[in-house]
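Pasting the structures here.
The two complexes that follow have chain A in common; it is paired with chain B in the first and with chain C in the second.
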Partner chain A sequence: MSVVRNGTAGSETTARARRFLNAAGPFLGLLLVLLLLSLNSESREFIFTGANFKIVLIQTVIVGIGALGMTLIIVSGGIDLSVGSVVAFTSVLGARLLVADVNPALAVAGVILAGGAIGLINGAVIAGLRMMPFIVTLGMMGIIRGAAKWLSNKQTVSAPENSPVNAIMARLNPTEFLPLPAGVWIAVGLGIVMAFMMNRTVFGRHIFAIGSNEATARLCGIRVPLTKLWIYGLAGLFFGLSGLMQLSRLTQGDPSVAIGLELDIIAAVVIGGASLSGGTGSILGAMIGALIMAILRNGTNQMGWETYVQEIIIGGVIVLAVGLDKLRQSRSARV
Partner chain B sequence: MIPRLRLTDIRKSFGATQALRGVRLEVQPGQVHALIGENGAGKSTLMKVLSGAHASDSGLIELDGLPFVPKNPLHSHRAGIAMIYQELNLAPHLSVEENILLAEPPHRFGWIQRSVRRDRARQALAELHAETIPLESSVQSLTIAQQQLVEIARALLGQPKVLIMDEPTSSLTRVDTENLFRVIERLKHRGVSVVYISHFLEECQRICDHYTVLRDGETVDDGPMKSANLRHIIQRMVGRDVNELYPRIPHAIGDPVLSVTGLRGVSKPSSVTFNLRRGEILGVAGLIGAGRTETLRALFGLDPVEDGSVSLNGRVSTKTNPRERLRQGVGLLSENRKEEGLLLNRSIADNLLMTRLGPLTRWGVVSHRLVRQASAEWMSAMEVRAQGPAQAIGELSGGNQQKVALGRLLYHDAQVLLLDEPTRGIDVGSKASIYRRIGQAAESGKSVIFVSSYLPELLGVCDTIAVMCRGALTTVKSASEWTEHGIIAAAIGQGDIDTDANAEPVGQVVGEAPPAGTQSNGLETN
Partner chain C sequence: MNSPLFGIALSALLAGVAFAKEYTIAVIPKGTTHEFWKSIHAGAAKAEQELNSKGIKTKIFWKGPLREDDRDQQIQVVENFTSRKMSGIVLAPLDSRALVQPVKSAVQAGVPVLVIDSDLNSDKHLSFIATDNYKGGFMAGEQMVKLLGGKGNVILLRYQVGSASTEARENGFLDAIKKHPAIKLISSDQYAGATRETGYQASQNVLNRFGNQVDGIFCPCEPPTVAMAKALRDIGKAGGKVKMIGFDSGSASVLDLKNGDLQALVVQDPVKMGYLGVMTMAEHLQGKKVEKRIDTGVVLVTRENMEQPEMKELINPPLKKYLKE
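For the complex of A and B:
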């Protein structure tokens, strides 16, 4: 308490150090994971290679782009459980459009906009009818999964082999222009744009305000329902883009793909320091969270461990990350 | 005589912060002991040490002459130390009787004996002369005063030796406060020692036998209350002389800015008519539940207006929303800092600047430099004591939080300030600072509506005062024409008020009017 009373230079420095640590938390987690993986000398030479990192980055793209949208939603105090279904639906939609010989650029736009439209519907129901996001998006999860199966006749739809869409996530980049496929660069670029949007625009500050306390946000003259509509709509665009990446990576639209993907994405956002009760979180953190999960998957694969070991480890990491975060917060709150 | 509770040189640090640095406190059996200090003086930490939530670093606690080391809240409770916190600790959905016997409901082989439970609950309430509280209604349907009685009843079931009450009257009306004082008197006669923590020194003087003043975690003064000088106590607790608690800043009153005619909300208010002039500070007194908060909410567009009209600067603008009101230059300070007023886990800067980010942007991008500048400027203007603009506002003391909340309206440059209990639960120093800010706002031509349950501040700060009773507002009179007695009489419907909305028989009024429906339902089921 008396720290508050004597706002000295010393306490300002410690406060700054604390904020730096809070921001660096996910980074330290990433380093720790890499360190642990490097302990095993046999697998080290397989894991720490350029080619393997390229694989990891490609594997991160789908969860990472989804995490961009999910961060908006979780920071605003909401949740979206329909992401996996949206990814499946949009991947099928994209494949169908390409098979029907639609211009690839139009197909890409259609896939992304379809995701945005689903998000807008979620947002409209949540903001307009004041329903719980959990319930609304749980319903949407079922509806869209069903729609994906209907659209695909319950079968996978292969994209044409020579479609340019396939190249976005292709591991062997035929252009040789940059060592990584376009999908990775798109994810990185959008991450920078979104981090900027969250921190430096009025819309971004309003998202934090709504998540921190909706009543206060209203009191401050923020149009809460409208802002929520935009949040879910914008996030939907990212989920549609995630679906496009899914399509590109598998070169087919699969209605039963990405089941449970939303949980991976939520985990990435939470590992990145967001609180499910809203008001805190960061884009950078969420991206690192996505990377941590991909590295863990890849590393345990390289070590030749069974998938169930992976599942146990990743589950443990999620609880550990959030537990450490809680501990850190309670310590800083006590001063 | 062996003191009931004696603390000697209690110390407690959190990291580098010394929250308690030598607290001395001695409470006799059957004594009502005032514990006085600004927010941040260490009262809450001391309570936590006594309740066993925190362990003290050093020092001695003696209970009836025997050393006592509280291990955890249950241990402390069993030893006879009971707490009534400012934020009540009740399960809102459960019934009154369930709440009273929440910790240890009477049971046989794990089955709760409902009739025994009911009898005990009834008995516990009867001891407080609170038999009218319906045992079966859920606690959330009760008034704050009734909820507090339920909590006291629960605390007394454990036969405590010491009852510690933290700001028990901060959200009570005058009448409920009187009622609480009678309860405290009865406890005292039963030999229970009461530690009474309050910012209201007049109250302490009325019911306490003895006082102890804490400042910066240290006992700086103590003595018998009856012979104490309030000026002296304030000086000890603030550490400086508070010459003018209610600074009078001369300001001119101009033309009407806000005209309200026959305003009616969904259940409250029923009829509100007044004119607010430029540079005027209009105080609104009344019991809790009289409809003061609802009036402000309706004016600000948070609650719907059913009837009547509101005009701002001569233009009719009745139906509205907070966004539009802010644009028109009307700002509301919520009575509930934690649940509505502030973004608790966001920074001071966010909380100060949220309503007007526009001037801090360049081409749509919020400039960190401008944000830092503006928040530093306003923090110093509002005398906010904090580590810096980036500190989360939830970490500040109540007084500093409130300064930020008021600072938001002033940064927004609102011309009409609707302030709902702006000084509730904050320390004397912060109060004086907020009174000064209000005076300066009026001086610069802003108009203020100041809702408060604390009459001295209304009489000390306002130009004009109106009283609300059962949803209706009396005529506005100059503050000099009101007395505390007159305000109370008007608030309980015994004043010479000119509305016909309160044709209830006088004399039967006790405390605030709770939502009529819940009250009568509860009585029927009883």
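For the complex of A and C:
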């Protein structure tokens, strides 16, 4: 949850109201989007169905799980641009492992751990050499994309047809809301766990502290470099998991998939109320942000709007969401 | 949940000229910016106009993946149109494998799918409507034999490893010239690569080695065709001294044909592909039986016949007529 700190004489109730408003911001955005979509009577009956929301949820999983990791990083004042490449790389890795007849459970573990390992490297370079996260992860974006192409021999690697991994994201019974595929439940479960971790554990509060003011955090005795290492490593595990979901969805590892995915993920986190300067952000908000973008895409799709209209709208929503957030913050600063 | 499908089937039975329910047909290309896809769009729009003028109310939804050539984005488009309960989907799959599952789900949900341009490893779709690439290559081979009077040295500049459509064209070409023992294949193991630049380099290298012996050259798609013609001009062998046949039309290769640097172009018909995609879907929706495989045909365009109206329409599709642009 984004935290408003105004320790001045301002009454406790307005502070509480504002905190509520900040937390509710993304929800209001979601409601607004749904409202807009319901205006079109022609497509309304198709958009507001269980079967369609199932699709929206499935389409949110990859960005949503990525947003879990990205929230940690952005709250700590960092950024990770290598996510799209990591998703492509881990999806290829998973496909290769499955083709090589590795036990599916081991392959899944390998894919997630590979994401974590890349995150640890990012974290080690950022914390150890005190380099800008933007530059380090920009470099990693190229390195891992190249590695994915190398690992895949420059072509897509098809997973075995009957591999259990393919079922994680498979849409069974397409006319009903239930059953939801395992991927959706995994994303929801992890979201709850991470929201708890961010708000109720020492590690979580340290992340906020580092993002708010790194120097102060250090003076307070937080081991900043080590914490950063864990942040990027943990986030990497989520990016690896996103790669697994991508593999399951395409039933193949594709070295050219998810180009620019990191920007979708960053947008989701920011729509959810995080600030790129660190210190604020929420898991729940980021998940809602991911959902808003998926719903927009789904809705504009079904209304038959042109692709470019869609791109313009989603771009506009990102700027609007951040603009509103700034407005709220400047008000609270003035009080 | 089968009621919409049943409804469509029922109204299809009742359909005479007046048709109460509107057909909504999604046409999903691989991308939206290339000329080839614009032609497919024009064909689909043409079919839409024709159906409407016949009193069969039809609306097409033209929608490519948000990011060009991104498989996941194309899957999303298919899924979204499935829950939009389209009457039917006409799809040019970006991948023969990755799109299998979403197509299966669509068919399960009662939305029939028809595949155009590139095949899908599935038995769920109604029909596959595309160019017979092997036949196109074979036609080029036969034309080459004719141009050379049955004997001479021939080069095949291949396109790219792993590109199924151009490989079929290459195989067709090779099979056609194989029947003539006096035609000698002096090079067929070089690849042009995806861009004009790599194609130009490969052409120069091949001509450097075989330029003095070669009598005829075949290139299986547009970029190497243009690049090879340029390389031939560089060494003064263009204008018919070396007979050259290309594949696909673009503004540059059409100009080369006009100037006599190319002797023939094998041309596909993307407008027809889009047109037949929508028309065949409409037929299916009306309860008619449709063919499992429909060939949209290839045509040999030469300098002599390129001014004929139907050829002109092929090498320069009338996009403006059907698309409001």
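The rule is simple: the second predicted complex is superposed on the first by the 319 of 335 C-alpha atoms of A that agree within 3 Å, B and C clash if a C-alpha of one lies under 4 Å from a C-alpha of the other, contacts with A are read in each partner's own complex, and residues count from 1 in each chain.
To be clear about the criterion, contacts are C-beta pairs under 8 Å (C-beta built on N, C-alpha and C of every residue); 3 or more make two chains touch, one makes a residue touch a chain.
All values derive from a computational prediction rather than experimental measurement.
Colleague: Is this a clash or a fit when chain B and chain C both end up on chain A?
Modeller: Partners fit side by side after overlay.
Colleague: Scan A:222 for contacts with chain B and chain C and give back first, second, both or neither.
Modeller: In the superposed model, A:222 contacts chain B only, not chain C.
Colleague: May I ask you to decide whether A:170 touches chain B, chain C, both, or neither, giving the answer as first, second, both or neither?
Modeller: second
Colleague: Taking the superposition as given, does A:200 touch the first partner, chain B, the second, chain C, both, or neither?
Modeller: first
Colleague: Between chain B (first) and chain C (second), which does A:65 come into contact with in this model arrangement: first, second, both, or neither?
Modeller: A:65 contacts neither chain B nor chain C.
Colleague: Scan A:271 for contacts with chain B and chain C and give back first, second, both or neither.
Modeller: In the superposed model, A:271 contacts neither chain B nor chain C.
Colleague: Touch check for A:209: first (chain B), second (chain C), both, or neither?
Modeller: first
Colleague: A:280 in the overlay: touching chain B, chain C, both, or neither? Say first, second, both or neither.
Modeller: first
Colleague: After overlaying the two complexes, what is the shortest C-alpha distance between chain B and chain C, in Å?
Modeller: Distance of closest C-alpha approach: 38 Å.
Colleague: Jot down the residues of chain A that show up as touching in both complexes, chain B in one and chain C in the other.
Modeller: none
Colleague: For a test of understanding, state which residues of chain C touch chain A in their complex under the given definition.
Modeller: 1, 32, 61, 63-67, 69-72, 75-77, 79-85, 95, 97-98, 100-102, 105-106, 108-110, 162
Colleague: Hey, which residues of chain A end up touching chain C in the complex?
Modeller: On the chain A side, the touching residues are 43, 46-47, 49, 51-52, 55, 58-59, 62, 155-156, 158, 166, 170-171, 173-176, 246, 249-252, 254, 256-260, 297-298, 301-302, 304, 306-307, 310-311.
Colleague: Which residues of chain B touch chain A in their complex?
Modeller: Per the stated touch rule, the residues are 14-19, 40, 42, 45, 216-217, 302, 322-323, 325-327, 332, 334, 339-346, 350, 354-355, 357-358, 361, 364-366, 368, 385-388, 390-391, 394-397, 400, 408.
Colleague: So in the complex, which bits of chain A are touching chain B?
Modeller: The touching residues are 1-5, 7, 11-12, 15, 19, 196, 199-202, 204-205, 208-209, 212-213, 215-223, 275, 279-280, 333-335.
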